[in-house]
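Shared between the two complexes below is chain A, which has chain B as its partner in the first and chain C in the second.
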Partner chain A sequence: MLLVYLATLSLYASTYTIILLTSIFMYIILTVSWVIFSGPTGYISFAPAAFFGVGIYTSAVLGTELPLPLVILTGGVISFILALFVGALTLRLKGVYFTMFTLGLVELSKHLLLWYEIKYTGTRGRFVILVDNNTIYYIMLAILVLLLLTSYLIRRSRFGLALRSIGESEEASAHLGVNVNLLKTITFAISAIFMGATGAIMATRWTYVDPYIAFKLHYSFMPVLMSVFGGMGQLYGPVLGAGIFAILEELLITKFPYYYMFTIGLILLIVIVYLPNGLVGLIQKWQRRNPEEQHATP
Partner chain B sequence: MITTILDIVIAGLLLGGLYALIAMGLSLQYGVARVLNISHGEFIMLGGLTTWSITQTLDINPFVSLAVCAPVAFVLGYVIHQTLFKRLHSISDSPAIFESSSMLASFGLMFIIQNIALLTWGPEIRGYSYLAFPVHIAGTLFGANRLVTTGFAIAIGVFFYLFLARTRMGKAIRAAAQDSTTAGLMGVNINRVLALCFGLGAAMAGIAGMLISMCYPVHAVMGMPYTIIAIIVVALGGLGSIPGSYIGGFTLGLIGSIVTYFEPGLALVAYYLIFILLLLLKPTGIMGK
Partner chain C sequence: MPLLEGIGVTKNFGGLAAVSEVDFKITKGKVVGLIGPNGAGKTTLFNLVSGAIVPKSGTINFKAENITGMQPYRICRKGVARTFQSVKVFGSMPVVENVLLGSIFGAPNGSSMSEAAEEATELCEFVGLSEMRTAPAHSLTLGNKKRLEVARALATKPELLLLDELMAGLNTTELTEAMELVNKIRDRGITIFMIEHVMHAIMSICDRIIVLHHGQKIAEGTPKRIAANKTVIEAYLGE
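Let's turn to the complex of A and B:
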């Protein structure tokens, strides 16, 4: 029902709605794909901005050479390969070292690219091909649907069960025959595909990109924050968290950027201390308290 | 030739002293209190901007700001630990859960502190000049301010090392770093020691911010790169080791100045490459066990 509505939206909604929804989709995709890996395993990754940035630059470099769907696919594949490489190198490390590393990865990519651009191309930024708003919207919707499906299937499969067992105890799951390192690396890479693909299509909305725009830590921080806020126990948690924050950001960031970011920090603290399972935890608690209402609502 | 080498080495040592001080604070917070404090750089920023404000409004020596930065940062860190992290510690089931939830909480703190600073000082880049005259060392020239700040950073390190090695409180901190549960059983007031470590770490960041503002311009969003450098130095030197922080800091400073000499844009890239190699080859760091 909702999908049909969203799929036909360009027929009756205003351009503003389309653009707003595209931004919301972007955050939902980043957040849900972050949760695919970090949710069950408990490894906190600050790498989304790196994969997102790789996608953006794929679009900036190949945008004029290849047809759009191929550019998006390439963005996903390059991110996948990068994540496979990074994961294989660092996922053997203890959780906190992995987190430190991913934080550095974004800055590393940014500075390496900046150095390359200034030294070899002589300019800091690049122009990206223009794509009309409706096309961007539909591609984002398609990526989102694909992602939700992937995430759902992973949660329901033996694969997802193995991932959760890694989160509970890595040693125990290794003894039970789970190939811990392989599983972590593959999942990390799968989550990167969606981030890369999203970067590739979102780049076309900005027309001009430079390494500072593409590899902004903001895109690493927001998914973490949105999933903690939404709760990672259920699939709708990150969707809800990302949706709410994306709308808030749209409304507040241009007028009160500092108050908005300040509030984000405050909410994060409150959620960590009082709602360890995020909105999902709150909703589940409320459902348990009102069992009749749970049946009453369809 | 020799002058060039000396030039690079001294520049590296000057940079390294600051890196070491920043890392020592983080090492204390992570090594003892087990909080990987992502907001560490924000305390540096607060120190820098406060110093700028004090020198601008009162027109006095920036070192006077030490009397404000260090105690205020200490109290801030102490209170944050006693309220936020102590509570997180009590609701976390395992040390691993505490490590990740406290890191996320420090991440929230980063947003809060950074945006309070943006509301207070705005996004402008601030700078003032202090001791900005050159000094001759072995045929090369260096700013007097950089010599003074490095000397000060090293002095703090020595002072703190003696504090840890010679005092009862220092002994309690070392015990808590090794095994906080057992230290608690031995009669160490563990919450107070952990909060003290967190506060001292914040104070060191505040002092580092003051020193940085004497040499470089400061602004409200300067914190993150320093946090990352601190993390790299801590990983390089080994957690919870003061000599390690200084060895790591000077090593990174030297690498930075060597790379800057050959290819200015690549200094940060070199830091990360070192970081990656280190994590893969010896995750416990140079002085780590």
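Let's turn to the complex of A and C:
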């Protein structure tokens, strides 16, 4: 029902709505794909901005050479390969060491690209092909649907079970026959596909990109915050978290630009202290409480 | 041909020889005990067999195949399962899913989802956890967590089961049940190699006992002979 509505939206919604929804989709995609890997395993990755940036640059470089769908696919594939490589190298690292490496990856990618551009092309930044708002919207919707499907299937499958066991005890998981290194690396890479593809299509909205715009740590932090806000226990958690957060961001930036960061920070603090399982935890608490109350009233 | 064989197995942690030139043989169908004072290298030896760590030198053969330095998941699929001294259950997952994971990933030929689910339910019953099948594993008592580790290990259809202090920290009732459980596993035709400090348990269950001290094997034999062995008594009580 919702899908039909979203799929026909361009017929009756304003351009503003379309653009706003595209931004919301972007955050949902980044968050849900982040949760595919980091949710069950507990490996906190700050790499989304790196994969997102790779997608953006793929679009900037190949946008004029290839048809749009192929550009987006290439963005996803390059991110996938980068994630495989990085994952194979670093997923043996545990806890905070892995997190720090992923943070470094974003900076490394940015500066590598800066160095390359200045040394070999002599200019910083590039223009990106223009794509109309409706096309961007529909491509984002398609990526989102594909991502939700992938995420759902992984959660339901034996691999979802194995990923959760890795989060609980990696050693026990390995001793029960799970090839933990391979599973971690591949899942990390699958989540990167969606981030890369999203970067490739979103780049077309910005007309001009340079490494500072493409590899912004903002896109690494947001998925983490949004999934904490939404809760990772259920698939709808990160969707809800990212959706509400994105709308909130839009409202605050347009209406109260000076209080934007302050309010976001306050909300996060409250959530972390009072709702350790995010919105999902809150909803589940309500669901559990309601039947009890019915019993209690005679 | 022994089921499991170690030749000159050595592992150092810095300057400390945790396990030094240890030879051992485990015959199919037997229950073999591994004892020794704290810090003797017992758990390290288990870690070497299960692939958690790689020996500095020496060879470990399982069913005449060299498994030295193989990854834990591969050793598991070859038929070696283990439990952990400090329990490592998957706390937020239901008991039955803990077991299910072993059936799906650890069995040599792999199982389909429905087969695995059936096996997991059956194994919960075997170790006496039927009633708490759907409870999250972290809510179990220590004794039940240890049984869950056994069920999970059995789900991988092992030929050799390594039990690392199954009985430590259990009360008398739980202890008797744990001893019964070990006998029931043996009756299934599974060879058992167990680290244990509870002496009366190990003396009554084991066919043979290996004694480690400061990383070296100081004695091996039937429980009766070990109990009378002078070197062993000295290692435990001092000279």
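Simple rule for what comes next: the second predicted complex is superposed on the first by the 286 of 298 C-alpha atoms of A that agree within 3 Å, B and C clash if a C-alpha of one lies under 4 Å from a C-alpha of the other, contacts with A are read in each partner's own complex, and residues count from 1 in each chain.
Just so it is clear, a residue touches a chain if its C-beta (ideal position, glycine included) is under 8 Å from a C-beta of that chain, and two chains touch if they have at least 3 such contacts.
Worth saying up front: this structure is predicted, and the values here are computed from it rather than measured.
**Q** Put chain B and chain C onto chain A via the superposition and say whether they clash or fit.
**A** fit
**Q** In the overlay, answer first, second, both or neither for which of chain B and chain C A:Gly265 touches.
**A** Once the two structures are laid over each other on A, A:Gly265 reaches chain B alone.
**Q** For A:Glu107, select first, second, both or neither according to whether it touches chain B, chain C, the two together, or no partner.
**A** First partner only, chain B.
**Q** What is the contact status of A:Tyr97 with respect to chain B (first) and chain C (second): first, second, both, or neither?
**A** first
**Q** Contacts for A:Ile19 in the overlay, against chain B (first) and chain C (second): which applies, first, second, both or neither?
**A** Neither chain B nor chain C is touched by A:Ile19.
**Q** Angle at chain A, chain B to chain C, CA centres, as a multiple of 10°?
**A** Nearest-10 rounding gives 80 degrees.
**Q** Pick one for A:Ala88: touches chain B only (first), chain C only (second), both, or neither.
**A** neither
**Q** Tell me the contact category for A:Ile244 with respect to chain B and chain C: first, second, both or neither.
**A** In the superposition, A:Ile244 touches no partner, neither chain B nor chain C.
**Q** Using the superposition described at the top, determine whether chain B or chain C touches more residues of chain A.
**A** Counting contacted residues of chain A, the larger count belongs to B.
**Q** In the superposition on the shared chain, how near does any CA atom of chain B get to one of chain C? Answer in angstrom.
**A** 10
**Q** Of all residues in chain A, which touch chain C in the complex?
**A** Where chain A meets chain C, its residues are 158, 161-162, 164-165, 168-169, 171-180.
**Q** Where on chain C does chain A make contact in their complex?
**A** 50-52, 71-73, 76-77, 81-82, 84, 88-93, 97-98, 100-102, 104-107, 113, 152-153, 155-156
**Q** In the complex formed with chain B, which residues of chain A make contact?
**A** Spelled out, the residues of chain A in touch with chain B are 42, 44, 89-90, 93-97, 99-101, 103-105, 107-108, 111-112, 114-115, 118-119, 217, 221, 224-225, 228, 258-259, 261-262, 264-269, 272-273, 276.
**Q** Which residues of chain B touch chain A once you look at their complex with the stated criterion?
**A** 36, 38, 84, 87-88, 91, 96, 99-101, 103-105, 107-112, 114-116, 118-119, 224-225, 228, 231-232, 235, 263, 265-266, 268-269, 272-273, 275-276, 279-280, 283
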